[in-house]
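Given below, in the form of structure tokens, are the structures.
The following pair of complexes shares a single chain, subunit A, combined with subunit B in the former and subunit C in the latter.
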Partner chain A sequence: MIGITFAIFMCSAVILSLALLATRGSSVQRELAFRTDLPPYDESLGHPSLCPPEFAARIFSPIDSTFVAAEKSRELVRLFHHERRVVALVWIHQTKTAIHRIMREHTRATRQSADLNLLTEAKLLSHYVQLVAVCDLLILAIQATGPARVGTLASYAASLSQSFADAQHALAITNTARDLRGASPAH
Partner chain B sequence: MISRSIWLVSIALELLLVTRAYQQNLIRRYPMFFTYISFVLLTDLLMFTFHFPQTTYLYLYWITEFLGLVLGCLVFLEFYRVALNPYPGTARMARALLAILFVVAMAKTIISTANVPRWWFNVSPAQVEGLLRVCQLLAILALIVLCLFYSIPFGKNLRGILIGYGLFVCWSVVCLALVAAGVARYNTLWSYTFPLSYLITLVVWTVHLWSFQPNPVPDRTIPLEQEYQRVAAATQRRLHDARGYLAKAVGS
Partner chain C sequence: MTTTRLVTVQAAYEDFLQRSLSRLSCDFARLIYLASTRDYNTGTYHHDGLASRFSPEVAAKALEIAHRQIFLQLSAYSLEQLVEQLRIYFESSHDGTGEILRMWQKLEPYRVAIPVEVNPAVARLFLSNVRLALAIWRSRQDQSLQGR
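Up next, the complex of A and B:
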């Protein structure tokens, strides 16, 4: 027998997703006309919308904080912490936006791929979910303790997002090559 | 009186939907969906016109209800076929996800019924239909989530079919759960909500399927074009580097 709570929960989920589907008309048009304005992917620099990992290491490094603390000016330390927190939060938001963008590019490319690998897709999705969760965790941690104490987590997020971008790019090239091979006439 | 009025309006809307589909040549594009609507229209006309004895009516009701459920599954399959035809990658993901859902549902049913001896004698048709509708709802939810995740564009017709059918199955699940729990009884307010939900569904379908609207076609050249640009930029950079090394080598 179906429980009333379960039925209501299921229906709410379906109605919510149907509402999303119904209000998606304009975004579909945007999606169809989607052309990236980012510079082309460069293997040595990584994904163009992601900040380099060194940048993250610098923001979250305690070296600058120690240096400012040595100046013995309370006002300067306060200002430094405030600015650093803002920069760190901006970095996380940029990273999150870049991850969403990479995933969007990926889904756009793979939805038409005839032989996509389910396991690779599942792995990529789990990386994506993990990254988004790490970014959200970082936001909370920065708000609570400041950027200097979450350096390890931030470098982990930076390297994970870079490898995520690289993996997506490699997958996109493989899919394109497969599609081209599939599209070429048989000899 | 209220239920008969709702019934009559529903028949009129079904008739309008089928007539419009015939005029607009939509029957050829969505054959399963219009088979389903025609089937419901015929059973509605049959049940509305003739007054059957209660037992015959009960049998007839459940037979048509289950046939409608099977046809509804075929409508869902048609939607899947038409919407995901230009997207083989998403279609493959959908097949995998639906197979997983089917296996999980089967396993859960087997486990929960294995401990109940002769469960098939005690179970009511409403409970069986409820379980099947939940499976259908799960499949619809999985497909919507996939379509949203992969940004699959739909035309007005397909979107209307999915939204209407999704709403109808949603309310069926709630009503069947309430019937099974003994909350919804004959001639109470709850009993009117089910035909009313079907009426809303019919309005959604009539609005969305008034005329043919083609599905947006994805432009396959965009990713390739972008890929070429990327490859060209990388090659240009490497050529530039190589020229630098060559100049250095010649200079030394």
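Up next, the complex of A and C:
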């Protein structure tokens, strides 16, 4: 009996969390469009790329927060938290857009490929799902605590997204080379 | 781009760093100067001296690279370093710091200093940091006025 109650409780918690993440995701996009002076990257205008990791580290670094706190102005601290929060959300939005694009391109390429390695595909998919989950978690964490406290998770997301992009790129090169070899006439 | 052209652009870039950029007081001044060599309407860069020593196309490419480099350098600065950059820039100007601060906070002229084709998150970080650095300057000025 306790087992069923616990299972129902867990299911409700998961559903609620997913609903919250979905709501947060779309509200973040609306919020960024309204509050940032640069629009979030419009996919129709070009290829969004990942932000270089050194800048991700800067956005989430606690050094600036300490510097601003030393100025002893409540207004400055408030402005700093607001500004950094928006920049962090722009970074996550950009990262998510980039990984979605990479996955879409990969799906398109695999549809045309005759020789698929299922293990590699499964690894890439799990990588992608993990990244999306980490980004959503980051959105919630930033909204709740601010960017300075989620630096470790952000740097994990930055390195994970970079290795995801690298893995997809390497796979695309291998597939293209294999397709070219397959297309070339036998000597 | 051919190797010969790349070498020429590199030479133009180094020439510009040595003759023009090194004479400016700080990286922030370099950024503003480089942004001012870009045409607002077309986005192309122009510098008479560099164009006469190389060619208008090579000069434009070298300026574009220099602009992006200095922008990325400034965007990676900590807030403390950026505040210091602004101090040097304001002090090297002939106008009063208070007046420049007021206008910069109001008009945000540094927004036009962002190169084209720059990463959106980096661009947003730069704008945010300059806005914060200006607010810190303003707060320090207000505090020193209250202290008198």
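Note that the second predicted complex is superposed on the first by the 139 of 187 C-alpha atoms of A that agree within 3 Å, B and C clash if a C-alpha of one lies under 4 Å from a C-alpha of the other, contacts with A are read in each partner's own complex, and residues count from 1 in each chain.
To be clear about the criterion, a residue touches a chain if its C-beta (ideal position, glycine included) is under 8 Å from a C-beta of that chain, and two chains touch if they have at least 3 such contacts.
Worth saying up front: this structure is predicted, and the values here are computed from it rather than measured.
K.L.:
Just checking: does A:Glu71 make contact with subunit B only, subunit C only, both, or neither of them? Give me first, second, both or neither.
P.N.:
second
K.L.:
Regarding the shared-chain residue A:Val90, is it in contact with subunit B (first), subunit C (second), both, or neither?
P.N.:
So A:Val90 only meets subunit C here.
K.L.:
With both complexes overlaid on chain A, does A:Ile173 touch subunit B (first), subunit C (second), both or neither?
P.N.:
After superposing on A, A:Ile173 lies in contact with subunit B but is clear of subunit C.
K.L.:
Look at A:Thr110 in the shared chain and tell me whether it touches subunit B only, subunit C only, both, or neither; answer first, second, both or neither.
P.N.:
The answer is first: A:Thr110 touches subunit B but not subunit C.
K.L.:
Check whether subunit B or subunit C contacts more residues of subunit A in the superposed model.
P.N.:
B
K.L.:
Just to be sure I follow: which residues of subunit A are touched by subunit B in one complex and then by subunit C in the other one?
P.N.:
In subunit A, residues 36, 40-41 are touched by subunit B and also by subunit C.
K.L.:
Sort out for me which residues of subunit B touch subunit A in the complex.
P.N.:
Counting only subunit B, the residues touching subunit A are 86-90, 92-93, 96, 127, 130-131, 134, 137-138, 140-141, 144-145, 147-154, 159, 162-163, 166-167, 169-171, 173-174, 176-178, 180-181, 183, 216, 218-220, 222-224, 226-227, 229-230, 232-234, 237.
K.L.:
In the complex, go through subunit A and note every residue touching subunit B.
P.N.:
Subunit A reaches subunit B through residues 1-4, 6-8, 10-11, 13-15, 17-18, 20-22, 24, 27-29, 31-32, 34-36, 39-43, 104, 107-114, 116, 118, 121, 172-173, 176, 179-180.
K.L.:
Which stretch or stretches of subunit A touch subunit C in the complex?
P.N.:
The touching residues are 36-38, 40-41, 48-49, 51-52, 54-56, 58-59, 61, 63-64, 67-68, 71, 73, 75-76, 79-80, 83-84, 86-87, 90-91, 94.
K.L.:
Spell out the residues on subunit C that touch subunit A in their complex, using ranges where they run on.
P.N.:
My answer: residues 75-76, 78-80, 111, 119-125, 127-128, 131-132, 135-136, 139-140, 143.
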